[in-house]
């Protein structure tokens, strides 16, 4: 009932797969209120991550090592806003998860660390139409589930579902952070691409834990 | 999508390859990671000047590497800020002991990636300072937003800070000059057509044949508002007025007027806009003493233009006039 | 039709007004009739150099007026050769007693109007010689046709003849140098999109999203053949091969490689074409020793490019390298 | 039964009117196999001619004076190939018609001079898909009509009709002179714009003589 290195690796591979699958959708979302590169950039980044994973000589010692590899690779291959934001998220998550196995509280700590990283870098709060609007409810739902004694897989499932709702909640918002903010009122009515990719990645985490 | 490209993934690498091969006297192109330096390398004792950002804005920034302007430029993927592991070696290459000034356009991605790169370079004892260009008056500058974007005014910052570095100013002084330019330069742009990011394969927005976008940035984003197609004179007024107002230009002041093309606009149209913008400034009693007209900060093949005004004093004028020898700007 | 213009009838006049206002240090714009001279006027004792043609090809020709290149340029209506009463005063203005060389692109209209103008100027004791540029290999040169068109190679003729005149060559010598360039320069172009002549209001031809025109001129005419859209490398081969073949380039020869944009093509794409063209020349053992990449001879906002190769010897190389100070070309 | 200065002036005004009326058609024809300026340029030129006519202080003394005014004005306002070609045509015609009144042979001489001027400048012969393909049959028809004793008006009517047939004959031709020649085989299947404007101008002459 805990999540180990194998889960972490599976999460990463599933993340890469879902990002590749939704590459065009993410490009299209970003095209509408940004510059149309989010899907391309994340896909390039996660493809590189999988390449690095495949090339590893010895398997990572703990969950944190896997996440650190993700962090540094995304940081050096994604670029744009999402590169440093996700990079920092995984870096902080890696520190919080520097253990061989995660229990429910470990999952919560990991998600909280990721969110803190994003907020530390991007200075956004909820309601600004960014990935923070997906990460925040996801983390809150994880906390609630863990408090109710849910298993790690259920904690992640709750987080993923909350991320979905969070992503959807960005649709009516007027962006005040990131590139969409340049559109002012015209940013309303569109799903934020970073919130959508957050949702995809957290679902990948939950599915890997099934 | 109609472009003279091969695989969309190779656009940046192939552009750099051609650029390096065509101008070996001015620039050296480094790959893996991608960055561009002066052919001769950093000049000892001179403050280094580095800029960078997403590709697709050519000649910005690599076209401004050379004597009197940048020491290095860092091109990211198309419309995507470069990564710290590209920027850091460029900062290092530009450093000859006098420190480096990074000229960053105000985009979340650019700011964050340059920040990280500066930390990396700092760990290698490179003294990095940075300034953030935010000249686009289409975007409201407020505590609660990402702030104004950096657009065509960046050329003015790079040229003038470059001249200051070249004449031997120290890092503090070069930074101060760059900040002075940033404080005095404003821009606003219009798109007649969208542009197509190679990997996206379709136009960045859909614009009917009889409408245009006012208040665009340089990443193919839609602008602040969509209006019916109008005459050049009318459009120019919509661009010039907010620029001049934001600068609070007073009668008797001297300025540089820069009409920039977005990549797909012929220079004839830019001169038509220039003509009207200049007349509007003159109506305000403002004297245009320096001019720049051309495609310098582009959005791929977008049709459109931006109007930039820089308030000049004697120092900035002298630095603007100082010799420059890059592939895109030379005198 | 989306353009930054006002009344289509005013395009040329307003472009010239902006151009003159922006560059008073380099050029003087004359109106009624329209022609452009160097700001300082003709230099005494120097052979005068004049070119001209329809507008819509900017920066050609007015962008090449200045020290080391043209003394005067004559812009006609868009895509329409100028009239003799415009050309004659330009020939006169360029004459300082040493005679004038007219550089004419090979189009019936240009040739006829320059012919008449030369007669008029001759009546006023101006000694006018002329050369006809015909570098476009897309068009068969035959006794029974109008012959090859003059396209981007014109820049090479104007630059090199300009340098010869500037160093003091007499009219015979300048003419001989111009003829030598004409004999050794060839070009071929491709259009990805058509262009729209302002007064016509619709595209010069209709091209589906997945087709391109190979062998175009610079007046928005369709090309020699229409083919499916292909990659830049493949297209570059279709342009470079006939150029190199027609020049009968042999291994060991040195050339200038000039990749020209048609007005709506960003420089990144031109560098991609340059890169491939250079590689193809190198495969033939030909050495690219000089390069020019940019939008110099355009067709309004057309997307597309042309590849020009000029065979160089020491004399032409020296003249190419000689200083030039015009608004579009400067070193 | 002769044509005088009033006829010449009427011819010029009718030419200007028909060129204005067919401006777009001529642009479109030239767009297809040339550079799309023929209608614009001729219209600019004939508008200028009418302006000059209107501004005349004293009426022209003979037909030739009218045609000379047309020649010099077209030469200095039309540009392109058509400017010098029509300019020379009217200049030669003016010399041939330097008389107060034209009889049938005078009309023939005027048309022949115009054609000679075009050929002298443009070096084209029939079958090359240019205005020569309209002027040549027009001149031949005029000669034939005059030989048969037709009046000047009938001579011009015959010339105009022949010009129409001549213009139509350019459709299948592959151009070997002028801008359309750059298209090679692709020039076939289109009416030559200069032949069409010739037709319009000769019909104007015939109508003025009615």
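All chains are identified by letter, namely A, B, C and D, in their written order; residue positions are counted from 1 within each chain.
Simple rule for what comes next: a residue touches a chain if its C-beta (ideal position, glycine included) is under 8 Å from a C-beta of that chain, and two chains touch if they have at least 3 such contacts.
All figures in this text were calculated on a predicted structure; none of them were measured in a lab.
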On the document's contact criterion, could you list the chains that touch chain B and likewise touch chain D? C
Enter the minimum step count from chain A to chain C; a value of 1 means the two chains touch. 2
Cα centre of chain A to Cα centre of chain D, whole Å, reads 75
Mind checking the centre-to-centre distance between chain A and chain B? Centres are C-alpha means, answer in whole Å. 32
In angstrom, rounded to a whole number, how far apart do the mean CA points of chain B and chain C lie? 29
Name the shape of the chain contact graph, picking from line, ring, star, complete and other. line
Chain-chain contacts, ordered by label, are A-B, B-C, C-D
The residues of chain C that touch chain B in their complex are 2-7, 11, 14-19, 21-23, 55-56, 58-59, 63, 190, 192-193, 209, 212, 229, 231-233, 235, 263-275, 278, 288, 291, 293, 295, 298, 300-301, 303-305, 330-331
For a test of understanding, state which residues of chain D touch chain C in their complex under the given definition. 27, 31-37, 40-41, 44, 75-85, 87, 121-122, 176-179, 181-184, 186
Residue numbers of chain B touching chain A in their complex, please. 54, 76-85, 107-109, 112-113, 115-116, 138-140, 144-146, 149, 197, 199-200, 202, 204-205, 217, 219-222, 224-225
